[in-house]
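Pasting the structures here.
In the two assemblies presented below, chain A is common to both, partnered first by chain B and then by chain C.
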Partner chain A sequence: MAVCIAVLTKDNSPLYIASDPAEDGLKMHFLVHTSIDVIEEKLNSATAANDPRDLYLGQLYPNEDYRIYGYVTNTKIKIVVIESITNPLKDGDARQVFSKVHSGYISLVCNPFYSPGDTITSQPFLNTVTSLMRGKAIA
Partner chain B sequence: MSRGRGAVDPKRVSSELFSLTYGCMVAQLLKDFENPEEVNKQLETMGYNIGVRLIDDFLAHTPSVTRCTTLEEVADILCKQGFKMFLGIVPEIKNWTAAKDEFSLVITENPLAEYVELPPNCQDTLWYSNIICGVIRGALEMVQMDVKCSFVGDTLRGNDSTEIRIKFVKILEDSLPAGED
Partner chain C sequence: SRGINADYGYSPDSLFDGLHHQMIKYFEETHGRENVIQCMEKMGYRVGFSLIEKATKEEARVKEDVDIVKYICKDLWNMVFRKQADNLKTNHTGTFVIQDNRFRFLTRVSQSDQYKQRGELYVAFTCGVVKGALSNFGLPCSVAAEIEMLPTVKVTLTLQQPAN
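Our next item is the complex of A and B:
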């Protein structure tokens, strides 16, 4: 079950972080922060073996309680999904989650009143993310 | 202006490009004027200028359209041919008054407002698609009809539907187009 979804800009400032209220928010923030290093490393080395278009980075690093998945778009927007090991996501599911977040982000960016770089307060995007996090709990 | 891809008609642009362009224009107007009411007026004026030119294009491309004798015919042609030709939508005509001089246009899917969310400071005052009101007013004025056109509801604002109220005022007799006074 996804416990945290985070969206970061190309200079790694957080646009949006949401975590399951049952989990420690601060710890989630910390995990997202540490995963940035791993993403950067993968990006710098992955240029040789260029993954198909939207670089789905897969599982970033092992952790005893959580699995952390990363995804980066062509515009260097990073999406990080953290989920607990009690109910691990299959690879295909993880890709789906990322592509849904990515589409939500695209709709958000098309809003003429949203400037890229602002923190995300748009209701439809928040709804997409909360339903994804909750949806995992049901699946 | 030629495009490399033969499949795309060079006179058409994608609707997304159009929505994004219109959105940037409204956002820029808001930044410049800062007052949503003022932006509404500007959009209406811009729409008016578009309308007075658009009507000739419309009539040239629809030779089957004849002189209308009633407001109902006008409404019908406006929706089924005018809107269809330029925006690709067909609004519904509703809420006629008893005197048949006023009606509502209800737009179900507004191509201008795709992906748009109004910022909180103009949530209650800005009519995002006000340009449409101007276009209708301008176009009908060039065919000697004076109408008042305004929005009464917009899904962007949280209303149930996007609705424009059009009220017939009078037939214009031998008057110069407004811009040439």
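Our next item is the complex of A and C:
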């Protein structure tokens, strides 16, 4: 189960951050913030040898209590998913979580009432993320 | 099944062609001829932006500026016009020229100079689409259209940052 899901613009401003109420919200924000540097490093330092072109960046850096995963779209939107070691996502689920958040974001951009760059307040998007964090199947 | 529209001889293409033409007429009547291009471009921008958001989800990461412009010429052009652009030129310092030899919105216009100026109005929406698409890729640019001989259209993009 994800304890935090965050969506950031290419300039690293947060469009949306949600964390499980059982977790320390400030700590989650901090972890997301720290992961930005790691993401940028991964994007810039890909050599010819290890340049997978995958949008999914995998685990970003080690931490005692959490696993932090990153994903960057072709449109430079960064998505960060944090899982708790004590309550991990199912195998391979990190990619699925990112795929669903990404799809939710695409739907949002295609919504004519949404202006790209605005903070996300759209109910369908919020529902998608809430379901993902609770580990329930998306309707 | 081709759907009910095909049975009547209409396709989504001719529906959009009609709408596109009416959009130009509408802006001309309400905002004046001198503002048509700006209005059409603005609309195209948001469309291009959304198209790219949707289309690039399953694509591998597109990295270099040149690859992004090539994506526009092949994949985006295919999505919008069902054909690829016919030619791409660059000066390797951030300016690219995309050429379409049978620009969809001008294929039914006779090849006479008197229509060239009016023809510019028919490229404005497409310029906006290109601008919005590139912007969403992280490459803001200015876009200008040139019609030397109908129905060939050249779209010049100038990237606002130094090329990679």
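The rule we apply is simple: the second predicted complex is superposed on the first by the 125 of 139 C-alpha atoms of A that agree within 3 Å, B and C clash if a C-alpha of one lies under 4 Å from a C-alpha of the other, contacts with A are read in each partner's own complex, and residues count from 1 in each chain.
Just so we're on the same page, contacts are C-beta pairs under 8 Å (C-beta built on N, C-alpha and C of every residue); 3 or more make two chains touch, one makes a residue touch a chain.
Please read all numbers here as calculations on a predicted model, not as lab measurements.
By the touch definition at the top of the document, which applies to A:F113: first (chain B), second (chain C), both, or neither?
Only chain B is touched by A:F113; chain C is not.
In the superposed model, which partner reaches more residues of chain A, chain B or chain C?
C
Looking at A:S103, would you say it contacts chain B, chain C, both, or neither? Reply first, second, both or neither.
It touches chain C, and chain B stays clear.
What is the contact status of A:S122 with respect to chain B (first) and chain C (second): first, second, both, or neither?
The first partner, chain B, only.
Can A:N74 be said to touch chain B (first), chain C (second), both, or neither?
second
Return first, second, both or neither, reflecting whether A:K10 touches chain B, chain C, both chains, or no partner chain.
In the superposition, A:K10 touches chain C alone.
Determine where on chain A the residues touched by chain B overlap those touched by chain C, and list them.
The overlap between the chain B and chain C interfaces on chain A comprises residues 110, 112.
Okay, in this complex, where on chain C does chain A touch?
Residues 46, 49-50, 52-54, 56-57, 59-63, 136-138 of chain C touch chain A in their complex.
Okay, in this complex, where on chain A does chain C touch?
Chain A residues touching chain C: 10, 53-55, 72-76, 102-103, 105-106, 109-110, 112, 116.
Which of the residues in chain B come into contact with chain A in the complex?
It comes out as residues 16, 19-20, 22-24, 26-27, 30, 114-119.
Mind listing the chain A positions that touch chain B in their complex?
Interface residues on chain A, with respect to chain B: 107-108, 110-114, 122-124.
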